[in-house]
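Each of the two complexes below includes subunit A, the first together with subunit B, the second together with subunit C.
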Partner chain A sequence: MGDQILTTVDWARAQFALTAMYHWIFVPLTLGLSFLIAFFESIYLKTGDEEWKKLTKFWMTLFGVNFAVGVATGIILEFQFGTNWSNYSWMVGDIFGAPLAIEGIFAFFIEATFFSVMFFGWNKVSKGFHLFSTWMVALGANLSAVWILVANGWMQFPTGMAFNPDKARFEMQNFWEVALSPVAVQKFTHTTSSAFLLAALFVVGVSALFLLQKRHQLMARRSMVVAAVFGFIASFFVAFNGDESAFNVARRQPMKLAAMEGLYQGQEKAPMVVLGVINADKKPGDNLPAFHQEVKIPSMLSLLANRDPDSFVPGINDLVYGNAARNIVGAEQRMITGKIAVSALASYKLAKEKVDAPAAAAALALFNKHKGDLGYGYLITPAQAAPPVALTFYSFRVMVVLGTLFPLIFLLVLFFSFKGTLEKQRWLLQACVASIFLGYVAQQAGWVVAEVGRQPWAIQGLLPVGVASTNIAASQVQVTFFIFLTLFTALLLAEIRIMMKQIKIGPEV
Partner chain B sequence: MVVGRTLWKIIAIKLFIMFAILKLFFFPNFLEKNFNTEHERAGHVLDNLTKAPSAP
Partner chain C sequence: MIGSLDHTTLQQLWWLITSVVGSLFLFLTFVQGGQTLIFTTACSEEEKSLIINAMGRKWELTFTTLVLFGGALFAAFPLFYATSFGGAYWVWMLILFTFVMQAVSYEYRKKPHNVLGARTFEVFMFLNGSVGILLIGAAVGTFFTGSSFSLSQYNSVTWGTPFHGLEAALSPFNLAFGLFLVFLARTLGAMYIVNHVAHEPLVQRARRASWVNLLWALPFLLTVLFGLLTMDGFAVDPATGKIFLEKGKYLHNLIGMPAVAVLLLGGLGSVIYGVVATGFFGKNSGIWFGGVGTVLVGLAVFSLAGYHDTAFYPSVTDLQSSLTIYNASSSKYTLTVMSYVAIAVPFVLAYVAYVWRLMDAKKLTLEELTGEDAKEMY
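And then the complex of A and B:
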């Protein structure tokens, strides 16, 4: 930022990022551990072995800690919609209303209702009904994720709606187009499978700690095997739908893909930069090299983006300035049509106020012709259409490198478990403990790619973040930023403390 | 179960801070607070949408 004063938009962005990242510390463990507990309890019912019941109740306690501390942290994000992002909130109200209502009424009520039975119903309800309740908690938690991700998917790929210029809002035209958008579906599968992976790392890591301390070894070994299988399978789903994600992004958010790869000049047989040091001075359109150092795999990016190793992948420069030879209309041109759309919208508003029907009709026709580029009409320079490249590039690599490491860890755990020598592999057990933290790092890195990579857009191509925000004093947002920082840090420290205490106590005797 | 009591306390304190303090004093709904009708709110948003872009 140098000596620029941070604006309201910067603080609002920072606040949303802070609260979303904190929220995302609690959520993936809930999503994944709920299923692991359901598996543990299913094994208990199948075998009748009371050790499995002890094991289940132990992990359920940790699940409960995470759930209790994390519950309602997502509502903070909704508070911010109405205060810091009022334009955005108004414009998407008709789109987000249905998914978020379904989330609250349907998914959360299932979760909350059966949560009570799961926690307080041991020995009070039948074993079968208790197990059913545990599975319903897992289902309810993951169904909640569907609707939030449908909303986020719509931001990345707005579909199934029409803009009403009289009400200044997007109105849903087709619920199923929104709910089953390929971006929403892929987001859900990738997010939930990565959450399963995180939960597996958590169980494997805590269990490894027990083995290192030579405590509760039977429980730890059993937990590790089940979690490692779960995590190993989840890793494949993460990789598979991660690949789908890249394919989707190439089609629907090519600028995000270009930023993820630090690709400025589009090319055929585009290589993938496996590792690289981004040139921080590089800007769209200049002649500076994109990287100081890079290690590339030839044609790999073309293969991943288009499933054709010879295909053309557009770079940031193509998308900013256009490429006539490749039929790419750049941001520079789209800004011209976007400004026509903005101007036409203003003329329409004025004509309606003056009750001038012919002028309103003409303005509306002109707006409708160019409304697809509306968002570009708010940009000052074409280069603003590009997101922060370095952050997107490095976050993507952190996520992928860690995502490649985790299945190896699960595989090693299963190998040594099968050999019966897991307790002797202290190096592996220590790596498992460390991987709890690394799992969270990968989770956050993934969301940074998704949300930083879509900048400057609040709604892809239609509404930049700067226009989405409320015109309030930056100081107002600063105060709440630091309140949230304090509150969430306190919650996180409380969770870690309570978790460590429960882990120290171990399963009930 | 001691941990249960601790967790309920955390939930209660958290929800109180969120709804009785943050929502009430720091997070008013801007459009509902400053405009009376849907027409006025739409008009305000349209004003923002039709303003010339400001410096980055």
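And then the complex of A and C:
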């Protein structure tokens, strides 16, 4: 039984990761490119220059090809909460469902309604209304990001809710705490600005390809300047709120921060490992070294995590086994109290069923005393409380290194554009083309840090993934995993081929 | 005002809101119906493209309404979301697959280097309009025939069959419900073509298709109506919350809620009027009567399932696990918050209607498909 549940959970996680990763290939481009198209069309309307219209329509074609698969993978994500995570849907649906419904009402309809005007309304509506529609598509797409990221932010930092023992679920107590939690706000700003950055890289990269091929040079130069300015500004937002994000993680998800840094033993003046080779044999609580090789900056982690270079940063061992000297209660201790809470909840339900009021009151009092650790009661071993360290550590570094590289590329593009020698910098143009792929790598790495770093929790500290999944045979989820894998891969291949063909055709036709 | 509503009223209000969204989705399945007409009503590639482009302006609205229907159910009735999606796993997965196929088909069908070829994407559209709608109908049918599941004391669902929902399609009632929706969608699709396309040969065939498909829908409709009026239903004792089987429950619901009977009969009458006006009197506005009629029929069906002390998602293997709008709903606080959010719905409907009117002011012609913006066409 236990093995089967674990296997089902593993397949459900794999399927969700697969869908989310494919979804996030398409969505960031939609979020950023929609704004770039709106900029291009605004310039067209302002100048009346038909070249800008041609340019707008070219990027719009690529936007449409990309948009379709984003929509297709998005619906799967929404319904997968029900199909593969039905216990999750019940236990937190009272809170989690609301942002999804609001996303539908406020964002998707804007997107869906004005999308058809944007694509088919050139000769049906006025130029002004067409531009308005293009802006509305950009607004709608980014509004949808608000609500899904509010939902995701709540999974990272659950707030504004309470557990109802009668219903055995979490219920919303304060909508504004959920919608405006610092993690939700930071998630939105970091994610959307990184999406803008990716779209800018895409436009810069495709335009660089045209310059390398000496085709559509006017269009390419114009697109590159607008996109590079947009991307350069976005880069600073990404860096700024990325730092805020790490600060938030240190406060609300210290285990994730410890995994991001491969920090097992908490310390004052904690150094940051700039580059390192993780020791794959290392486990929480053992004496093996965490790294085979490492390059550190002294006190940097303490500074970034707490804004104080001398401060203490807890490590994985502190969070798993506790650290009395630092008043840290570890997962080991929380599992003990968590199991008391689980047992008290079962006693409470039984007493209610038998209409035994005194027993129910006693069980409820015991449950209320320990309910903060309820989720830990479902863990099997203390070490389970730690996420996969190597994957989180390396993904974080990939994201940061690439995130540092991109503003330099935008800056160089702008520098040589204004110098009028961009076409001669073939090395830079080639780097721009390569940066499209690197942009996608950085996006995926960012989400790996966010989601793998949260494991083993579906809802941080409250609901482990093992309890959240559907009670269904692993083989069934396995089958749908491979169906999705085949379907998404076919769609991705089709998308890439269509995109490449459209780029080859260019804006003339 | 919303803040002073009690939990029961909010639960009933949210069943109404989700019913409205679900019923609007049923109307918007004219897109799916239109997709199936490309193989039966179009006689050339040009006509096929006309149908696909006519539907292509609206496919996202249908898709979005389905997503909102799912989101509203998740937010308002999370136990239904958890039970049905987690339990009737394969039905929902197959429905999703067909909608994923649809989402890319419009954009990719005519694009060069699309890997699978135009014909494959047309088959995807057909599958979405036929299998997808059939399964949605079968899933809605289980609101009356029930499913095999039980819930633990923590509301974790255990499904009673290894087919995880596919068994629903074997029930004659559910199957008839699904087939009725398929032919209704085709009827609506044909009426939308008449309304939106300026190509006389295709329009004439669409006029014929509207009444032919309604005729095909009739036996299935009658099967559903006969079933509804005669079957045992899943009643709730309002005092204890206990679920029990009641003979003629849905007939009793109709008698007990005469407004619902009016909705049902008025809706069916409106659809029939729309088809007759389209098919025999050369009118182009039949889609609006068909649309309003479909929404009314949808509201009647959801009302029969959810109101008047009825379990809307019954379990045939463990009656007490059946879901009612009271035991499956979100908390009072969440429903109140969501009710404030729902105030935006009329505004959403208003701008959707405005843009629809603007975009449909001129009919779709062959010239448009081959003109300046031919590259953007589906």
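The definition used in the following text is that the second predicted complex is superposed on the first by the 501 of 509 C-alpha atoms of A that agree within 3 Å, B and C clash if a C-alpha of one lies under 4 Å from a C-alpha of the other, contacts with A are read in each partner's own complex, and residues count from 1 in each chain.
Keep in mind that, in the parts below, a contact is a pair of C-beta atoms (placed from the backbone, for glycine too) under 8 Å apart; a residue touches a chain by one contact, two chains touch by 3 or more.
Fair warning: this is a prediction, and the values are worked out from it, not measured in the lab.
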Following the overlay on subunit A, give me a clash-or-fit verdict for subunit B and subunit C. clash
After lining up the shared chain so the two structures overlap, which partner does A:F175 touch, if you call subunit B first and subunit C second: first, second, both or neither? second
Touching A:F237, do we find subunit B (first), subunit C (second), both, or neither? neither
For A:I498, decide between first (touching subunit B), second (touching subunit C), both and neither. both
Contacts of A:Y321 with subunit B and subunit C, given as first, second, both or neither: neither
Output check: A:T381 vs subunit B and subunit C. Expected answer is one of first, second, both, neither. What do you get? first
Based on the superposed arrangement, let me know which partner A:D166 touches: subunit B (first), subunit C (second), both, or neither? first
Compare subunit B and subunit C by how many residues of subunit A each one touches, and report the one with more. C
After the superposition on A, what does A:I95 contact: first (subunit B), second (subunit C), both or neither? second
By the touch definition at the top of the document, which applies to A:S86: first (subunit B), second (subunit C), both, or neither? both
Output check: A:G466 vs subunit B and subunit C. Expected answer is one of first, second, both, neither. What do you get? first
Thinking only about the overlay and not a real complex, which stretch of subunit C clashes with subunit B: 148-156, 184-192 or 364-372? 148-156
Touching both subunit B and subunit C, residues of subunit A: 61, 64-65, 68-69, 71-72, 75-76, 79, 82-83, 86-87, 89-90, 167-169, 349, 470-472, 476, 480, 483, 487, 491, 494, 498, 501-502
Subunit B-facing residues of subunit A, complex: 61, 64-65, 68-69, 71-72, 75-76, 79-80, 82-83, 86-87, 89-91, 165-169, 342-343, 345-346, 349, 377-381, 384, 466-467, 470-472, 476, 479-480, 483, 487, 491, 494, 498, 501-502
In the complex of these two chains, what residues of subunit A are touching subunit C? 57, 60-61, 64-65, 67-69, 71-76, 78-79, 81-90, 93-98, 100-106, 108-109, 111-117, 119-125, 129, 133, 164, 167-169, 171-173, 175, 349, 353, 470-472, 476, 480, 483, 487, 490-491, 493-495, 497-498, 500-502, 505, 509
Would you mind writing out the residues of subunit C in touch with subunit A in their complex? 57-58, 60-61, 63-64, 66-68, 70-72, 74-76, 78-79, 81-87, 89-90, 92-93, 96-97, 99-100, 103-104, 106-108, 111-116, 153-159, 164, 330-331, 333-334, 337-338, 341-342, 344-345, 348, 351-352, 355, 358-359, 361-362, 372-373, 375-376
In their shared complex, at which residues does subunit B touch subunit A? 3-4, 6-8, 10-11, 14-15, 17-18, 22-23, 26-32, 38, 41-43, 45-46, 48-50, 53-56
